[in-house]
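A quick write-up on the structure given underneath.
First chain written, first letter: the chains are A, B, C and D, and each begins at residue 1.
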Amino acid sequence: MTRASAIDIQDLTVRFADDSGWRTAVRSLSLQVREGEVVGLIGESGSGKSVTSSSLLWLLPLGDRCRLTAERLDVLGLNVLDATEREMRNLRGAQAAMVFQEPMTALDPLRSIRRHMHDVLLAHKPQSSRDAYALSKQLLSEMGIEDPDRVLHCYPHQLSGGMRQRVLLAMAFSCNPRLIIADEPLTALDVTTQHQIVKLVRRKTQESGVAILFVSHDLSVVRSLCERVYVMYAGEVVETGPAHHVLTRPHHPYTQGLLASRPELFAPRTRLDTIAGQAPSGADAAEGCQFRDRCPHAFEKCSVRPPLQASAGDPERASACWLEGAI
Amino acid sequence: MMQGSAKRRLMLVVGGALIGFWIVIALFAPLVAPCQPNDIDLDAYLAAPSAAHLLGTDEVGRDILSRVIFGARASLLTAFGVVAIGLVVGGVLGAFAGLIGGWVDLLAMRFVDLMLSMPSLVLALALTAALGPGIENAMLALGILSVPFYLRFVRSQTLLVREMEYVKWSEQAGASLWFRLRRHVAPNIAGPVVIIATLHCGAALLAGAALSFIGLGAQPPLAEWGALVSAGRHYILDQWWYSLFPGVAILSVSVGLNLLGDGLRDLLDPQGDAS
Amino acid sequence: MIGIVIRRLIALVAIIIGVTMVTFLIARVIPGDPALLLAGPNATPDVVAKIHEQLGLDRPLHVQFASYLDGLIHGDFGVSIVTRRPVLEEITSLLPATLELMLTAMVLGLFGGVSLGVAAALYRNRWLDHVIRILSVTAISMPGFWIALVLLYLFYGVLGWAPGPGRFDPLLTPPPSVTGFLLVDSLLALDFRAFASAASHLALPAITLAVLSIGAGMRLVRGSMIEALSQDYIRTARAFGLPERKIILSYALKNALLPFITVFGLELASLIFGSVVIESIFSWPGLGSFVLSAIFALDFPVIMGFTVCASVVYVFANLLVDIVYLLLDPRVRGIG
Amino acid sequence: MSILLEARNLTVRYDAPAQGLGVTKKHVHALNGVSVSLREGATLGVLGESGSGKSTLAFALAGLAPVAGEILFQGKRLTPAVRRHMRGAMQIVFQDPRSSLNPRMRIWEICTEALLLSGIRSDKKRIGRAEALLAEVGLPVECVNRYPHELSGGQRQRLAIARAIASQPKLLILDEPTSALDVSIQAQVINLLLDLQQRTGMAYIFISHDVGVVRHMSDDIAVMRYGEIIETGARDKIFDAPQHPYTRELLSVLS
């Protein structure tokens, strides 16, 4: 615990309004990423993982329809809650960069790759456009792009999804950030392309010592890439700990169910274990454990919300279940 | 949020109320109007608004309020007529072209491309002039020239829905063209078509009034809003009320139709607040 | 890219022939017999037959059309029945006045529409947005001829800020004609009194014409700007710390203006129509007034000539718009 | 067991549109000489990445794409006339349960569309059948009168399955039926499909990019790339000893 923290979230709550009322997307969430650490954030759709990652760089559409409260929201030592617009701009891109899920729409269709990259480089460090070009070229080759000159002159629609994601990664690494927030960066890609990008990210992290918050729903990718993991369900962290341990011997019934329902674990053409029912739809759910309606172990005490408590046998691990350690 | 849906409802209510108000006025004009629209009273020409004539009188002493009230009939009928001609002819041809495809579609689209590459209001001007001035001819000209617009819109909507997976499912399950049109395509394009027709109705009202204003539409002594504004233009510096009130009538119906159209669009597509 | 332009140019020729044909049909077939109109109600059949021969109306329709088309190609639009002068000559002599009016209205419409639309989008759902939206609905709902009268009453009749109808102060000497645009000519002659007079006469009719396109323009720009601002690439740009100014101007606005460009070409049609309706109100000595009087004199050569010219200008303007679009959008640039 | 479906040398060519977004191509081979065969009651898994032509294969088999080649179903050559005659013996479930359900129809209307097509017009009969179908796919019966947007993603996919099995088909073409779903919901749908197959003896063509799911569902597997089948055979053979290097690359993800 000697390393300084890259991300420090305490008690984050984000609520959205729609026609039917307020909906809690993230509920008193706490999360830490230390400098140089690769941390996974796992959850199914609607679990609040993308909202959490967007709130770090203050990219939520805050206003009448979206409210955010937190006890602490620090990114690389900057208090994001009170930061000025200028401080945020210096943080974004330069020290903390973000990569998104959809490489197909994350780039402006009317701007060439060269101008995209120059925009980022020039926004954070005044330099000649010749230098920016040389740097862009180098960054692209580091991302495994063989003909960076051609790619730089392309427009986004001329590149495949995998290529675009490489470009976005190159942009993310362009100012030597200390933190990268990757929001489902692989989901829209083919399996074989995913494989290559994972290898690339792993190499780059080892080289640069950047901290990564890797948001995903893919258990196997997170297990192979991350040191620690947070598992989210219905806006809350239900379990956390070293990735390998949590994703092989989960403590929380939800994580257990999630792992058990993967077809890979079963003999072909047999029934899978499933989590019954479906996640709460978000309109402010009842008090207590959000998972209790789907949980095989639910009992009376579950009507009170269980805190995230450290595991007795392993202080690195914690889960939000009254039966922690017992199941 | 609540605010959004309340605003949407407000637009619908205001728009609907304006249109409803004028339709009622047009239907019951003889009951509502204080005078006959063509009653001449040469002693009270160009009178200012007063208790006897709420909106004043024109150059031969006709009651302007009554003429505005009766004018609703001609003005609204023209606008509705234009939309009806365009919608029925263009809509049927468009749905047909979209579903049949092939060379029928190709031919129809070349024709539409040609027609839409011309300035249709200018053509309407020439066509009305050729047909001879008159409110029916103005309506006919505007209606005919809006056919390609509806044809293209209904066709594109039909093509869009045709490609949806539920229509594909129906097709592989053995549903006939007619079945798919009736069960799947029609219910799903009805909304957008109604919205477009509502908005176009506002444009048609303005175009019809403009033709009447320049003298190609309604002929005297027929009361029509555009013609009323036109008759009052010579007195605008002294008897401003003459032209003002029929203009306000046009404006209110047109605003009503636009609000109604926008409100319906928001209702159909609450996310896309792009109007 | 060049392929597309060539293809569009070929299509253009077809469209112009089509336009001419439609106009021709409107003028020749629908009203029945122009000779009857010309000869008046009391003409004897002999007179009518003679006019037929003179106008070439006794020949088959397609022959008539071919000869009309042939005339057009050689710049022969026929002779005005009323003024007895060649139609083309009339049109070219009146064109500068109308063009000056329309271009001014277009510039006003463009700037007004884009800036108000962008402002509404940036202040979405706040009071500025609501005010702009109400203004835009009102603007597109107002009949142009009525706006003209209201403006004339207010600014000429009541306030006396604007000069009365006409294009220029009759007591001043107009600047020597170079371009035919009074604004430009007076500046070239360094005659600032003439410029002030021309500008003040131009103000009301230009504003009247511009109101309609401002209303439509701001609706469209607001919508496409909101759409553009919600795109993923805006979020990417923010996430990489680009300055907000840059995000709005280089990323969002550029994308938002693409749909606006196409619509702006289509707006030209309502400007042409509007000029016919409005010019006579302001006694503007342009094509619109001329055509309007031709319509009531049943001066078909003029009506046809005007319709054909307006259509050709319109078609060309839209071709230009398409080319600009091609230049701006790399997604279609590479094709064809 | 007898052969249910035999497709020989299927080829689908799209003329790339002259104008459009993306790269210009002329004559794209979406499907290039593909042959598959399927026994009654068995499952053929089709594995491929985006653009491999696997969805085009589904469309071609369902008669929704202009296809060259020959399809034999229960020994009969499928022509448009034969297809009309055998209404409902072959059905399809699409990937996106959002666009595959008509938003303006009620749930009972959606899942009994096949009945209406086969001439059962009585609403009462259809509602009764709809309730039975909903129960069969594990949807609450009280939602017969609702609209699809009131259902969750997993429920919509159940509804799409109910609609497909209403005509008691012999073959169900499943085009990425679980790809839009979360893992925990995906498992429920997979179980449903396995149960249905066991109960009714339907054959499946199961199309997916997910190696794990395809392996779990299939008896035989065909691996597709660039509109062609590059490797095909029994599941265990493909997984234990993949021949083609691309297959090996795909499967390496699983380990």
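We take it that a contact is a pair of C-beta atoms (placed from the backbone, for glycine too) under 8 Å apart; a residue touches a chain by one contact, two chains touch by 3 or more.
Everything numeric here is computed off the predicted structure, so don't read it as measured data.
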Task = Please give the pair of chains with the highest number of C-beta contact pairs.
result = B-C
Note = Judged by C-alpha centres, the chain sitting nearest the middle of the protein is B
Inquiry  = Averaging over Cα atoms per chain, report the distance between chain A and chain D in Å.
reply    = 33
Task = Quick one: report the Å distance separating chain B from chain C, using the average Cα coordinate of each chain.
result = 22
Mean-CA-position distance for chain B and chain A (Å) = 52
Key: Averaged-CA centre spacing for the pair chain D and chain C, given as whole angstrom   = 55
Request  = Quick one: which residues in chain D touch 2 or more of the other chains?
outcome  = 21-22
Overlap residues in chain C, where contacts from two or more other chains coincide = 125, 331, 334
Query = Among the residues of chain A, which ones contact at least 2 other chains?
reply = 64, 157-158
Ask   = Can you list the chain C residues touching chain A in their complex?
value = 125, 231-233, 235-244, 246, 250-251, 254-255, 258, 328-331, 334
Request  = Show which residues of chain D lie in contact with chain B when the two form their complex.
outcome  = 59, 62-64, 83-84, 87-88, 90-92, 94, 96, 99-105, 110, 113-114, 117, 163, 167
Message = List the residues on chain A that touch chain C in their complex, please.
response = 57, 59, 64, 85, 88-94, 97-98, 100, 102, 105-112, 119-120, 123-124, 155, 157-158, 168, 171-172
Key: Interfacial residue positions of chain C with respect to chain B in the complex   = 14-15, 18-19, 22-23, 26-27, 30-31, 124-125, 137-138, 140-146, 149-150, 152-153, 156-157, 219, 222-224, 226-227, 268-270, 272-273, 276-277, 280-281, 291-292, 295-296, 298, 300, 303-304, 306-307, 310-311, 314-315, 318
Inquiry  = Looking at the complex, which residues from chain A come into contact with chain D?
reply    = 44-45, 157-158, 190-192, 194-195, 217, 219, 257-258, 261-264, 266, 268-276, 278-279, 281
